[in-house]
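Shared between the two complexes below is subunit A, which has subunit B as its partner in the first and subunit C in the second.
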Partner chain A sequence: MIRLPAAATAVLFLVAGFVLLVLYGPLFVAVFFSFFSFENNAVQWDSFSLDAYWSLIHDESIIDSVLNSLLVGGVAIVLALVLGTTLAFYYNGSRSRFREVLQLVIFLPFLMPPIITGLSLLVFFREVDFPRSLVTVIIGHTVFVLALAYRIILARLQTLRTSLVEASLDLGASRWQTFRYVLAPSLMSAIGSAAILAFALSFDETLITLLVTGTESTLPMRLWAMMRLGFTPDINALVTVILVATTVLSLVAIRFVKLPDQS
Partner chain B sequence: MPRGDRMSAATETERAAGEEGLAAYRFILTVLAYAVPFVFILLPLILFLIQSFYYVEDGNIVHQLTLRNYERFFAGRGFVPVFFNTILLCLGVAAITVLFGYPIAYLLASLRGRRKYVMMVVFVVPLMMSYIIKIYAIRAILGGNGFLNRILLYLGVVDEPLTFLIFNLKAVLVTLSIILLPFAVLPIFIALERIPRSVVDASADLGASAFQSFRDIVWPLSVQGTIVGATFVFVLALGDFITPQMVGGMSGFTFGRIIYSQFGFAFNWPFGAALSVILLVVVLVAIVGTGLITRARHQL
Partner chain C sequence: MTEQPKTLVELSGVAKVYGGVEVLHAIDLALRDGEFMTVLGPSGSGKTTVLRLIGGLVQPTRGKVLLDGRDISAMPINRRPFNTVFQDYALFPHMTVEANVGYGLKVRGESRARIRDRVIETLRLVALEEFAGRYPSQLSGGQQQRVALARAIICEPRLILLDEPLGALDAELRRQMQRFLKNLQREIRTTFLFVTHDQEEAVTMADRICVMNHGRIEQIGSPEEVYYRPVNEYVARFFGDNNLIDVALGEAGEEDRELVSDVGSFRCRLEGRSAVGAATRDSPGKLLVRPEAVVIGEAANGMRNRMKVRVEETGFVGPVSQVTVSAAAKPELRIMVKLPSRAGGIPLAVGDETEIGWSDRECHVVTA
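Up next, the complex of A and B:
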């Protein structure tokens, strides 16, 4: 990059520092008050306790919502990966003009604001008389993360040379064997990246979920319901646990995920 | 019979069988590929569009096509101003995120080695962090009983908690900007990373000052990514209804909230659908416009 004057570099660091403070400051405040209490306009330094975490483990509604989130995320990523792989294979092998239309349709839930995706699914489920439940949430999440899974897998597929497939078929392998022993191993890391990112997206998804869910809550929805009560140690403890989990997940993602843009 | 003939006959049948298998495989793949996206993405959207032409009478949705929802939007007093205010708000969010996001992306792109890695982690991690949690944390800072007010009270700067920090459109603007900033940084960073170092070096070698190099080389090569980042943020801000609800209070009414309320207590799905279609038109204009601008620049 351009060799900048010292003053310009200082300004860049200043902006970055300010933004970091704004991005992380509020989160640290929440983490801090999961351990300490605040009374009489002062932090009670001797009030350190883990009670908030203890009551968290005993709160069944929170445990249920975590399990729901894991279930929805798990099923949605498996569906999105299978579909995404199928679609990537179709797009890669097809000469049809409609494949571009199909690709646009897949990208729609990613391009449109989530409220549109969520509401159109809501109307659809009602028109076909399908009751709202975790199943509808799973469908919503699958549709939402599909574009990402598809894109990452397709990018990898397009870098593979067709000669590999031809060699495998020439040597007498069936199509399934070619997929199983030649293509799948080369696609594995892309599928892994897609799985991590898709799970992270699903775990945090709130807007679509809120619109298509029945009576069950996922974790973000449960949090949202709790938040209306205000700033309490219990919520702070839950926030801390989630922050730690997502930080670990994103560190793993940064370590292993190769986005198509970087290749 | 010569052996050669029998062999070629055998390969013939094998090939025919192979082609048949291939055709069947192609057919199954095609059906699978089209079925899910069309049933679960396109069909719901079409039904949604049609819904916007229905109307509600006595609490029931009447399945009859009419334009009255759109008429109500354009004729009614309340909706058009909120609509334009929301667009302005989201343009503001896009402007703020780009204003802060560009220097950060530039810093990331200019760092090397370990420092770059650490800075990238620090700015990418918030992308994965829970959206609800960020709203919660920001609300805890800005609120009447919030941390900022407590600090100000403690320091004696104010005697009473400031009330203008939250539950208005400015609070929505600030909160959305904080939440969406990483979405602006990423595309700008990718654009800056793609600029070949040699081009920048050549510009400096030829005697350009830092400012000239930036204005004539780096900025024109990164403006596309900047526009993409701004559009990304704009679209995400436009459709949000939870942030305005959490920090906007009664005066922070946005278009997204009005749409959401039509599907909640207002129970007027067709009207909500019509408002969503109007929102979608704005989104389409933004995305197609971005596509045209970036493509035109690409060909230059």
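Up next, the complex of A and C:
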């Protein structure tokens, strides 16, 4: 452990404090104004209420958009995880040149500006006459988060010692048993963190969604629409709810990643 | 031993090519049922490839792998009645010791109760019954090693393959494990194929040693055979210190042979399988004399072979003292002599002129 002089420690504390303030300050402002109202250029301290939350859960369009977001995110991560795991296994096990091309194809939608990815999908769906709906949104999100899921799972797969697979086969296990008892448990933490990160990405994805959706809207789209009508306490309440949900998810993710990894 | 023990596994003309490089050149190797064989060689000699070929981790490019005389070259790894102890142990990190050891039985579909009984029994054999509930990361290197061993023997394989399993252990633990493995092998009466690059390890553990170099088998024999009757210079230099003197083969006597060198002529009784058998008169060879077979000073008087020398260096290495001498007739020829150490030290000083000698039984000849 390196010991820093007291002055340096103090400066570091100040810098860190400032960064945290700038990063999280606005969030707390939003949380604050979800409980209090702001009128006549002053905070109305006696205006504490949960009305904003109350109206939120009674706003069907918001509830619908939340459900849509959960549905899209849920289906997209399942698809991305299945595809990502399969492709990671293929890449790790194959020696063919094709695997590099395939990897590029997986990464491209993630690396390109989302507007390009979204537009390409839109043009594609129009050309093949595929009606835009939540299904197209799910396809769009899957394409987008696949790179992330694939990368995380592949990274874990590559650090797995091949001797573990050899040992399993050597002890008489079939390929399936080897996957089931040796590989899958070792990949679980990677799959878990891939799922959470992919979900977080999908949850706030706006641009691609905007381009490929039909009449349904997801939560970020709904938020966007609400803001065009003016800044209401409902928006603050919604931001607060999302903030709490994201924090809980992150804590779960940290637990997942920190699972004792005895390799 | 009156009857020849039967052959368990045989490699017949097995060659292996990796990426255009032939790492194994058509080798033949027969493994006897119940023996402890070590495959010994430097890294890159192909010894691990031999193990992986038998285990089924790689397929031969040419040739056949036979089990009980049947060709098993195409048999997949998980069908072969062999189990491997890997160099890095390859214990499953997310499973307890108990689950690791029971794995081979579990995938065969044995009942839980039977697996439990067998695991306890096997852990007792490797003195680890108290550690059943631990994870591999909570064990020391030597303990992990024994878990890997237990995991292999629980399947009651016909053959256990060990890939430099002691490489990661410190010297003292290594010696303990060597004794342990040897005793275990006697107890369970299973054939062991043990790959190592450590010649001392090979000599202390093996019934037979297979010496490999550059993808070829140089010699297969008992530790005594490879030590005292190496078939070539490579094997002669591989095991311990050896004195090599260039000679030409002279007249063959009734029970010995004359050897002519720059530093005089010697006589040597050639016993057993000797590389010199087919060599003709005047063909060049090397006379091998082990440093511990050479006597120095007065003791040399009664010896059949003698040489005048000058003492160049003396050193104390514990149980033996090492003396390096140079031949009086050819000072660049150095001979190493090992004497049992005595409390008074050795009565020789650097620069002393004296004589060395060795018996006509304590030597061996390889042809170049």
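Things worth noting here:
The rule is short, and it goes like this: the second predicted complex is superposed on the first by the 230 of 263 C-alpha atoms of A that agree within 3 Å, B and C clash if a C-alpha of one lies under 4 Å from a C-alpha of the other, contacts with A are read in each partner's own complex, and residues count from 1 in each chain.
In this text, a contact is a pair of C-beta atoms (placed from the backbone, for glycine too) under 8 Å apart; a residue touches a chain by one contact, two chains touch by 3 or more.
Given the structure is predicted, the values throughout are model-derived calculations rather than measurements.
Of the two partner chains placed by the overlay, only subunit C lies in contact with A:Pro185; subunit B stays clear of it. Of the two partner chains, subunit B is the only one touched by A:Ala16; subunit C is not.
Residue contacts after overlaying the shared chain place A:Ser168 against subunit C, while subunit B stays out of touching range. In the superposed model, A:Leu211 lies in contact with subunit B only, and not with subunit C. Touched residues of subunit A were counted for both subunit B and subunit C, and B has more of them.
Of the two partner chains, neither subunit B nor subunit C is touched by A:Tyr53. In the superposed pair of complexes, A:Gln177 makes contact with subunit C only, with no contact to subunit B.
Note: residues 261 of subunit A belong to the subunit B contact set and to the subunit C contact set alike, using the contact criterion stated above. Subunit C meets subunit A in the complex at residues 55-57, 76-79, 82-84, 86-88, 90-94, 103-104, 106-108, 135-137, 151-152, 155. Residue ranges on subunit A touching subunit B, taken from their complex, read 1-5, 8, 11-13, 15-16, 18-20, 22-27, 29-30, 38, 41-42, 83, 86-87, 89-91, 93-94, 98, 102, 105-106, 108-109, 111-116, 119-124, 127, 139, 142-143, 146, 175, 200, 203-204, 206-207, 210-211, 220, 223-224, 227, 230-231, 235, 239, 242-243, 246-247, 249-251, 253-254, 261.
Looking at the complex, you find that subunit A touches subunit C at residues 161, 163-164, 166-174, 177, 181-182, 185-186, 261-263. Partner subunit A is touched in their complex by these residues of subunit B: 21-22, 25-26, 29-30, 32-34, 36-38, 40-45, 47-48, 51, 100, 103-104, 106-107, 109-110, 119-122, 124-141, 143, 145-147, 150, 153-154, 178, 181-182, 190, 192, 197, 200, 203-204, 210, 213-214, 218, 235-236, 238-242, 246, 256, 259-260, 263, 269, 272-273, 276, 279-280, 283, 287.
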